[in-house]
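These are the structures, in structure tokens.
Paired with chain B in one complex and with chain C in the other, chain A is shared by the two complexes that follow.
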Partner chain A sequence: MFARSLFLAVSVLALSACGPSEPVSEGAPPDMRRLTEEQYRNTIVDVFGSTVTYGGRFDPLERKDGLTELGARSARVTPSGIEQYYTVARTIAAQVVSGENRDILFPCKPADAKTADDACAKQFFTETGRMLFRRALTTKELEMSVSAAHEVGAGRNDFYEGIAYSLAGMMVTPKFLFVIDSVEPDPKKPGDVRLTAYARASRLSFLLWNSTPDDQLLKAAEAGELDKKSSLEKQVDRMIASPKLDNGVRAFFADFLDLGRFEILEKDPVIYPAFGVKAGEDAKEQLLRTIADHLVARDLDYRDLFTTRHTFVTAPLARIYKVPVTKPDGGWAPYEFAEGDPRAGILTMIGFLSVNSHPGTSSPTLRGRAIRETVLCQKVPDPPGDVDFSGFNDPNSPNKTQRQRLTAHRANPTCAGCHKITDPIGLSLENFDGAGAFRTTENGVKIDTAGDLDGVPFTDAPGLAKAMSTSPAVPACLVSRLYSYATGRPLDRADKDTVAYFQKTFESDGYRMSKLLRQIAISESLYSVSPPKAGAATQAKSSDAQKENPS
Partner chain B sequence: MTFLIPRAPTRRRALKSMFNGAAVSLALPFLDCFLDDNGTALAATGAPLPVRYGTWYWGMGATPNHHVEEKRASGPGIKFLSEAAALQPHMDKINYFGNFNMPLDGHSNYTHFSGWVVNRTGAAPGHATEIPAPTFDLMIADVIGNSTRFKTIDVCSTGVAASNYSARGTNSRSSAEISPVALYARLYGPEFVDPNKADFKPDPKIMFQKSVLSSYVEESKEFVKGVGAADKARLEEFFTSLRQIENQLALQLEKPAANDACVVPQKPNEPPVDRLAAIREMGNVIETHKVLAKLLAMAVACDQTRVFNMVFTDHFGNIRRNGETYTHHLLTHEEAIDPKLGYQPLTYWFGQQCMNGFASYLDILSGIKEGAGTLLDNSLIFATSETNYARVHTIDGVPMYLAGKAGGRIKTGQHLIGNGDPCTRVGFTVMRAMGVPIEKWGTNSLQTNKAITEIMA
Partner chain C sequence: MKFRLIGTVVGMAFAATFANSASAADSKGGGKLAFAVRDWFTSVYESKFMDECPEGLAISGDEVWWRGLNKKDRARLTDNGLIQTLNRWGQAVRRGPNGVDICLNPSASTGDPVQRIVEGKYSYGADLDGTKDGHATAKSCAHEKFIDANDDNKLVDNQFYRLVGCTYGWRHVGLVDLNANEMRGTSGLGMILIEVTGVDDPRNDDDVTVTFYRSVDQFALDPVGAPLPFSSYRIETVDGKPRYSDSLKGSIKDGVIETKRGDVKLPFYGNYNFMHPVIKDMGLKLTVAEDGNSATGMVTGYYDLAMMLYWIGGMGPTIPVSYYNCPSVDTAARKLADGYPDPKTGECTSISSAFNIKAYSAFAIHPETERREAKR
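Then we have the complex of A and B:
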């Protein structure tokens, strides 16, 4: 399990001898990724505004290699998934053409709203289609969209109904629902391919904003500016300065920390009466809000996320934290835990503690495993099927605390191997129960929170926080996961120099997330692709056609 | 009594019903659903009552020696023990399968995962998230599910949309319906065509929607040429899914034949807040299951779908009992065996609730009269779990049930002994009964070509 850490450490050492220039990356063959729910939602907001709303649930994505984003590259669409897409698309389209929105969302007015108007339809689909497909529509695509709108508009005597039907159709095509790595021959390397400018724009936009490219970015792509370092840097700096960076950082950390598990978070109301649905929702938001504030708004050192005492709370969270409520109306208020408080960093927040516990009890093992697998990028083996803990839960047993029970459990050598990886970390968080509330005893026995992180000893949760903040594996893990997330593919040994390069720049930039994102966004590695796999040779031609034939 | 199902839409009727004089000149593909199996003639306009296939899933297996009394040889009669006593009234409509195994051919037993994957795909997963082949409900749906509004309907009672054990492969799984209100809207919303409504008028909007959608589908197919082989397969699946939407729209243009069994249910109320806050508490699971099951069963009776999957509790047993520290899953590991009872009492309680849930499901299906029998008589329900004895997560001898007579194709009331045969014999038998044209099923040691003839009528 420590192989990856070793690999990362070796990479860092190797780098110091290689110098600071970016290594050449071969990239991976182009692929196509299904939009995540969040990307779909952000795209709709960016194209049509936040007043357009919809419900529904898309096919789930499998988490692969530590990221759900990587599951998107092999995700398929089932019949009921398409049904959901189509229902949502019609809901959205109906709102786009509604009386309240049409004056805002349409670039033109039809000469007669009671019939088709091809000129206005063309204008609408030229603009809207470009945003949805993340590239200009081809002549054929545009003609088809206008034709569809025409037939319905004329047949139904309603221009806007025609637009709505055609728009809904456009939104269930793979061109919208999949982000495609379209490629073209690389003029600098005959025989090789490179991402088209539009594909570069998409890669950049989904990394920084988790959404579709905006008009400025598409214009830059169309002008060939994304191939030039200075122009690319200008776009990246503009995007990093945008409020939408918040979406991008939140999306990455939600994936990195596997916060999708909040979907199934539920606590026993008898055991944890203060932890209701709202507390669960707020606990997730607290994590993301704290992360975004720390890394984006205040541009602080990533490692300090593990020790920060600055956060935000709502009334439901304040009840569990047992801190004063300053906004009883449900709003968020900043809160600073005092020096000496047992709360320090994101690992001691209700969100992390509760989602890595059971519905009716804490779990040092789940917490330890989550730390190892998410923020340290280490793999903990699955437990065997026949785990028998019953001997330790006898009410008359002397094992009153989780530490006592786990110590007894580790006497079994089959179990000890993994538990010695997870438990010394997880047990240091035992001052927090399954809902994340502070406690000092369990079953009347004082809780011992001593532990160690890979040989660094500590006595309590703040000690763990400090050990995490100084562990080189923590920033190393972030870098490798972020690079994997950015490129949409799992990393392999061929990426070690590139990852080491970004680790080094991250270190020299004071572990600032904005700087790391910038370094990746302006790198050659982010956009590098290797030739398509056999059978995909026509992709380049197809992409060329799209590029040469924008309307 | 001859019962006619809704007639399949025909091309001729669809074109004849161009609306209000508005000619539609967009591309209109000739849909597969308009054709008979050979693709050479229009489908028949009436047919015998359809046979349906469904699954019912519960997590955490069974308590040994308290579920079904073991037998030495296959034969009529099933002796349900206390954990499964609720099934006794349904005994003559059920087959029970015991002692069928799941050889993994060297693959790991990915606990809570391998069991259901093997049982439903006939192949052992190579890693903890791999679904190496389509689940066989979808193979059945490809045969019997092409002429209904929904190819399949997937439902889960625990509030977890991802808890759905029907998939084409890894990363090709639908979200299950978890909300009764959302399920009702999907099944019986504005697009539902009531077969018993006298004044059917096809909605002109549907024709236009279908035409526009078809145009986009045709235009987008060009796109497939530009991608690699793996992505091409994904896109082909995408377009297959899109054709299902076209199919749905086409069906809405036709008046279905009257159907006595179809009674549009009442719209369910939003669940109370306290239930939403504790959706995985067993009492709430039971309540949710009841509401979802009624909506689902009536959708089947109304021929909205012929393949349907219900999850009662999930494969990780993340179900609670109020005030208990541990979930069903955790109890299997953490609860001591009561020396007097000989089992884990709370774990057993959860298992018993699961079987009560299965019995209630069968009550609902058999409560819908259809032709000379009931909906259950015209269905085949495969009910199983991912493990046998959850305390040690064994996968050999996983309890399996088939309920219903599949329109007379299956004999019931029997306890079948596998003697270590692969569990895939059950799935293979089901597929043969449902008309799936296969000669064998499964991989490696799981492969079989032996149907369980004792239950074939």
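Then we have the complex of A and C:
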């Protein structure tokens, strides 16, 4: 008996020690992605500190294949966009060289601040340029930066003005504004290419921190440590332990849940007087704060995000939730919804409910679609262009509730197909109006919140939350989106095994986000690239040539 | 249906409050309701043709001053009437001997007209003395009773209405309460927080406690300036304890909260003055609106006369635009006061009164909750 138990135990241990092995990934051709606003902002904070501030917005990025990060691959910089970049760059550069900051941000002092000092300029650009370009500057890049600083510094009798001029120029080059997948011949696979160590560092850093690599990571890249599994793991563990992981997780979920729509969110103040600008800002932050707290600070099961009753509120949100807050004059306070409360999980938070509604009404269809497309990674076809909305807009309609109106709407077979996919989910959230406030009736009629998720029936929002938390599609969607986000490319059939591998490890790791991030960060798949396409290779060549001969 | 809706909405906030009060939740009746009082208006019964004021509206202090001037001074001091009432108030109010301010020192003035008071039969209010004819009792001075404007079969006491009901500033277009409400609403001073505790059922409960606090938090307002319901307001404290916290026992019937009578010290801010009068034998009746967002009701009781007169005399620039003459009001008030006679002088020290209030559902944040949350 004992021998059999021992044999079983050893067998289990042996199996779990082996675990599934990572499939080989071919990757995709190298690419380049424009920095998102958040990445730009985080980079400036990491390189120059949080005292350096700026205003202004950049050209928006298009959302593609479920992620804005993928839209960054095809982002262009318009003439007005480059003007904006330059304005911001000058603002930043002026603060970097200002009297308050120069002693902190400069590694040296000029011999004479009233004229150029090439030695000090060289030292400054060697260090700062490396952080901005996420790699060491080439000799020509360095010479050019020093030379530009010299010309302006000497001409205007001000060393720091010269530095600011040159620094601003550096910050509007594609080398800073775009994360470039630079490649080199792969010594292990003759004829193939691999990401350079610097490119690996960038991929890792933007995944985990949503920012530029720090000095330690760049040093590890320069020492060739990112090619070695154990050294890579050491760096990944260091980065996961950093408070900056919070930024990385927030950035992913802001993209994953399409929270960029908060930028254009508006509510009718007559219908929803409590939903002002601040409530909208706080609603977005509440989602991200709750997610980061759940997944990073408390390292809990991702699926429980859909049922958690633990969150944070501010005064504007508390008014809509109709709950007390101990800091009426501002600030965040933790809040726990009681068992039995209609609120359970992130889908019942004001942020999700309000952003997936119309300005003056709730929208079961938008909510259902958002759940299908963002959280379950399922595609819902766009509505036809000639939808008849008169039934929805008629104030004298006999259909008082959204369910009644949608039932009438589904009589049109053209509309019925998609609404069958979205509405059974969305209608279960009808106890929450367009601002996310709780209600039991609509136009005096009791709201029916029954619904089902792919055959799992429920009667209300907590029921939907439970169905979501037990649906295998929920963690599967997260894994595929995160992997797509990490590699910066849409996934295809060739990625099937790799995604399945991460899904398996995610499950065996108890659906912990930190573990999933680690698995992806230390995987070969994250860094694998296939040879550039013919056209792209030509472009890459000319890009390299430009790198050595910047104009 | 209506009742169900009120029950649901109020019940949600009720449940939220309950859920956040761990200690209260342990015991029976741990639920709470709370309301922030935004509007406080003197209850003034106004008939269509102003029958209650047969002599017309009260004479203003400005008019008294102006009548006292000779023709030459009228022309000089009022620029032949071109200087507005408000702008000449500084001179008008100092018409006492040696330029004494007759609103701050009404007894310094002589020869003032008699205050025009209400002569009608009807008023809002409550029966405070329990008599049928207003005869003097141990706790009241003799006065005339009114017929309840809401119920011909009931008699009520409201001598404060009798005093100011014919004064422009207190009638529905007047500025006395409007101005004071506006000051409270925008300053964050003098907010009365009403908390109902010991609530088992927010719709019906025969034993609740109603406590009156003050908050110095600003009202949270919507884009058009109306208070946002379900806002949280911190209770004002002194040395860690609520500065105001008088309580009355009461009940809730079909969503209407009604207290028994007792003495309550209330905060009051408005028209440039802060005070904290004790309203003796105070009672509150508060009806929660159908949507659960607000509540309207009436506060009745014997208002501290000295405090009331201090306020009436100290309203500054609100006085000339409210058109009353301080010494006339002061003299009349002392005659009309009907509550709690001074044992030595026999003169009553309080005046029966009634006030309409509008409050918004809120959360009263107790100091101990604040301290506990601060530690988290």
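Methods note: the second predicted complex is superposed on the first by the 507 of 551 C-alpha atoms of A that agree within 3 Å, B and C clash if a C-alpha of one lies under 4 Å from a C-alpha of the other, contacts with A are read in each partner's own complex, and residues count from 1 in each chain.
As a working rule, a contact is a pair of C-beta atoms (placed from the backbone, for glycine too) under 8 Å apart; a residue touches a chain by one contact, two chains touch by 3 or more.
This one's a predicted model, so the numbers in the text were calculated from it and none came from an experiment.
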Discussion item. Using the superposition on chain A, tell me whether chain B and chain C clash or fit.
Written reply: fit
Worksheet item: Of the two partner chains, chain B (first) and chain C (second), which one does A:399 touch, if any: first, second, both, or neither?
Response: neither
Worksheet item: Does the superposition put A:32 against chain B (first), chain C (second), both, or neither?
Response: first
Item to complete: Figure out whether A:76 sits in contact with chain B (first) or chain C (second), or with both, or with neither.
Response: first
Discussion item. Per the contact definition in the header, classify A:505: touching chain B only (first), chain C only (second), both, or neither.
Written reply: neither
Practice prompt. With the two complexes superposed on chain A, say which partner A:334 touches: chain B (first), chain C (second), both, or neither.
Written response: second
Item to complete: Figure out whether A:471 sits in contact with chain B (first) or chain C (second), or with both, or with neither.
Response: neither
Worksheet item: Is it chain B or chain C that touches the larger share of residues in chain A?
Response: B
Discussion item. A:165 in the overlay: touching chain B, chain C, both, or neither? Say first, second, both or neither.
Written reply: first
Worksheet entry | Partner chain in contact with A:321 - chain B first, chain C second, else both or neither | second
Discussion item. If we overlay the two complexes on their shared chain A, which of chain B and chain C does A:276 touch? Say first, second, both or neither.
Written reply: both
Worksheet item: Between chain B and chain C, what minimal C-alpha to C-alpha distance in angstrom results from the superposition?
Response: 6
Fill in: Shared contact residues on chain A - chain B and chain C
269, 276
Practice prompt. Can you check the complex and tell me which residues of chain A touch chain B?
Written response: 29-32, 55, 57-64, 71, 74-84, 86, 90, 140-141, 144, 147-148, 151-152, 154-156, 165-166, 168-170, 172-175, 177, 180, 182, 263-264, 266, 268-271, 276-277, 358-361, 382-394, 532-536, 538-539, 541-543
Worksheet item: What residues on chain B touch chain A, complex-wise?
Response: 19-20, 22-26, 109-111, 128-129, 150-154, 159-162, 168-175, 182, 186, 204-205, 208-209, 211-213, 215-216, 219-220, 223, 225-232, 234-235, 237-238, 240-242, 244-245, 248, 273-274, 276-281, 318, 320, 322-327, 330, 333-337, 344, 391-394
Worksheet entry | Contacting residues of chain A [partner chain C, same complex] | 269, 273-274, 276, 315, 318-329, 333-334, 336-338, 341, 438, 440-441, 444
Worksheet item: Once bound in the complex, which stretches of chain C touch chain A?
Response: 1, 5, 8, 12-13, 15-20, 217-218, 220, 222-224, 226, 228-234, 363, 365, 369-370, 373-374, 376
